[in-house]
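Please go over the structures that come below.
Next, two complexes with chain A in common: one pairs it with chain B, the other with chain C.
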Partner chain A sequence: MNVNVQFREEGDLLLGFIEGEIDTFTAPTLRDELNSICISEGLFIELDLLNVSFMDSTGLGVFVAFYKKVMRENANLKLVNLSGRLTRLFEITGLSELMDIETIKKGD
Partner chain B sequence: MKAFDYIEIRIPSKPQYVSVIRLTISGIATRIGFSYDQIEDLKIAVSEAVTNVVQHAYSDNEEGEIVISSALYNHKIEIMVSDYGNSFTFEEIKSNIGPYREDENIALLREGGLGLYLMESLMDEVRVNNEGGVTVFMTKYVTREQVNENVERITT
Partner chain C sequence: MNILKQLKAQYKKILLDYILNQNESNLYIGQNLIKQLIQKNVTPEDVIGIHKQAIEEIYEDLPESISHAYDFLIELMVHFGLKVKEHQFLLLKQEEMRIEMDIAAKIQNLLLETTIPTPELLDIGMVSIPKRKMNGDYVHFLHDDENYLGVAVTDVVGKGVPAALCMSMVKYGLDTLGYANSNPSYVLEVLNKIIEKSVDDSMFVSLFYGRYNLNNDIFTWASAGHEPALYYRAKENIFYDLESKGLLLGILPEFKYIQHDVKLEKDDFLVLMTDGVTDFRKLEEFDSRGYIKQLAVSYSRLSAQQMCEEIYKDLERLQDFNLDDDFTIVIIKK
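Let's turn to the complex of A and B:
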């Protein structure tokens, strides 16, 4: 079990595709991957969570930390393609009110 | 005959074994008849409890152990996660948990402390005992899907 991130740049948009399970074992890998992003002012970052099969509060913590970092640099962060399960996790914790998240569209 | 089946697992207090426990609990929960969503809830709750021990119970050079015991009933599961390391102060942790508020300052957002809150949200009952190590005791009941109750019984 592991977590894996692939990045792709499209103009001023940086796409990150996250795959795997995010827990206390894999969180350091994810944190390092996200911290490797060079955040410039105004940059748009989209993290695709379509292939994240499991996440607990350790994972939420990683995204909160990264979100804070992005905000400090006056850049933008959006989490996209969240499954119903992941959306629920963000809703229960109240994070969905603070962060920009988008649930997976049916029929995609 | 006993009212429940008992399963106990012991693992070293290391991050790489948290997923092993998740998979095991998922398998056990399937036996009892929990729904997909309930099993996912259980996986998160157990992950939180075990992670708590891995991160806080033992100091770095200590070879700690975590005991995960579960009692399987017809319509519920009881899971106990215990360690024999340093116990955390429940009240102290509890005062520092809970969902984020909409008006929270981004720069001051907490990056942890959601574990216990999630356990309480996802399980039907959570109790923490602090005497000589920590024991988290959680219960979840099988809720039958609404559709099942309305399905006409086929008699043969």
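Let's turn to the complex of A and C:
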């Protein structure tokens, strides 16, 4: 399995659509993709995880590292369209209290 | 140079003998010559070169195309030889790495060996199985004078060597804290600072820390982003999730952890585990915690160690004997 990210810019907002499985093997690819983003102060980054079918704690590590980087640059990060399973992962780890996440809306 | 000339002449003679009479003894003489060639560091493509020259001398009217065919073979063999060497080199490297990994795994097992304490009033069991050679899970017990029992169940994000190194740090942090009567929230706060300082941004640890007061059976616990433990209250035949929204260790240095208490009574038990126990990649909608509760109740008459082993066997079977992650479960029974 693989992971791939498509970016789209809308003014001050950078949208990233992540697709695939995020595990020990694909996490480096995701990390490189996210690190390629040029973060400017005040930028809003929204990562859409709708098509992430699996993620383990290594994937969580990638998002945490990216979150810290974004915070250092005084930019904003939001993760959207998390499945119930992903939401639980962020809740158990206490990360949902720290990071801005949004669970997938029912009926979408 | 002379030696090579000599060998060439010998080869030609042996080849000619074999062309005239294809018997075992002529073949054997040829095989012996190869031994000598190897000693003189003659490569297989050189042998083809010698063979080509011999054939050209034996058959003077040999078509040029056959000579080209030999040249082609020589070129291929040169390439072939390089590839074989490369392959052998990689095999050697792989073997070296395997040996190093074995040593590292042995050291890790020594360093991170968990001794299960045996306080008089509690029955404690544990199973911890790594997915690969190095275990990213770790269980640490502290037990002093029949007053307190401390237990830490931890999981490092990532696997293999980096996880194992990080785990050693957690172990020494816990060793340094040293006292079984420490407050769980304090233990987490100290470890959090150590880890936050020492590891990179994508590395963190989840840890569940519990302190059992052996005098009054109060279990005090705090969690840093860890899979909630289960508490089974026998009188009600109900499980409670020991949830807490503490952040993973190693993310925010000043994070405050909150601790909670439960009081255990006769036949109550606690199930502490890592996400390798509850997270099934292939069974997405499966209520793993519900299933573990069922298993735990059905085995609750067994000893804590037997319960852990039976639950492990069942979950392993459920995932076709191919667990996705390091697997650690600890059961503490009153």
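Observations on the structure shown:
The rule is simple: the second predicted complex is superposed on the first by the 108 of 108 C-alpha atoms of A that agree within 3 Å, B and C clash if a C-alpha of one lies under 4 Å from a C-alpha of the other, contacts with A are read in each partner's own complex, and residues count from 1 in each chain.
Just so we're on the same page, a contact is a pair of C-beta atoms (placed from the backbone, for glycine too) under 8 Å apart; a residue touches a chain by one contact, two chains touch by 3 or more.
Here the structure is a predicted model, which means the values were calculated and not measured.
Aligning the shared chain A places chain B and chain C in steric conflict.
In the superposition on chain A, contact of A:M71 is made with chain B only, not with chain C.
Contact with both chain B and chain C is seen for A:G94 once the two complexes are overlaid on the shared chain. Once the two complexes are laid over each other on the shared chain, residue contacts for A:F7 go to neither chain B nor chain C. Of the two partner chains placed by the overlay, only chain C lies in contact with A:R31; chain B stays clear of it.
In the superposed pair of complexes, A:D56 makes contact with chain B and with chain C alike.
Of 99-107, 117-125, 261-269 or 297-305, the segment of chain C whose C-alpha atoms clash with chain B in the superposed model is 99-107. Residues 24, 54, 56-58, 60-62, 64-65, 68, 85, 92-95, 97-98 of chain A lie in contact with chain B in one complex and with chain C in the other. Residues of chain C that touch chain A in their complex: 155, 157-159, 200-204, 206, 224-228, 245-248, 251-252, 275, 279, 281, 284, 324-325. Partner chain C is touched in their complex by these residues of chain A: 24, 31, 54, 56-58, 60-62, 64-65, 68-69, 85, 91-98.
The touching residues of chain B, counted against chain A in their complex, run 15-16, 18-19, 22, 37, 40, 43-44, 47-48, 51, 54-55, 99-102, 104, 106-107, 109-112, 114-115, 117-118, 121-122. Within the complex, the chain A residues that touch chain B are 1, 21, 23-25, 54, 56-58, 60-62, 64-65, 67-68, 71-72, 85, 89, 92-95, 97-98.
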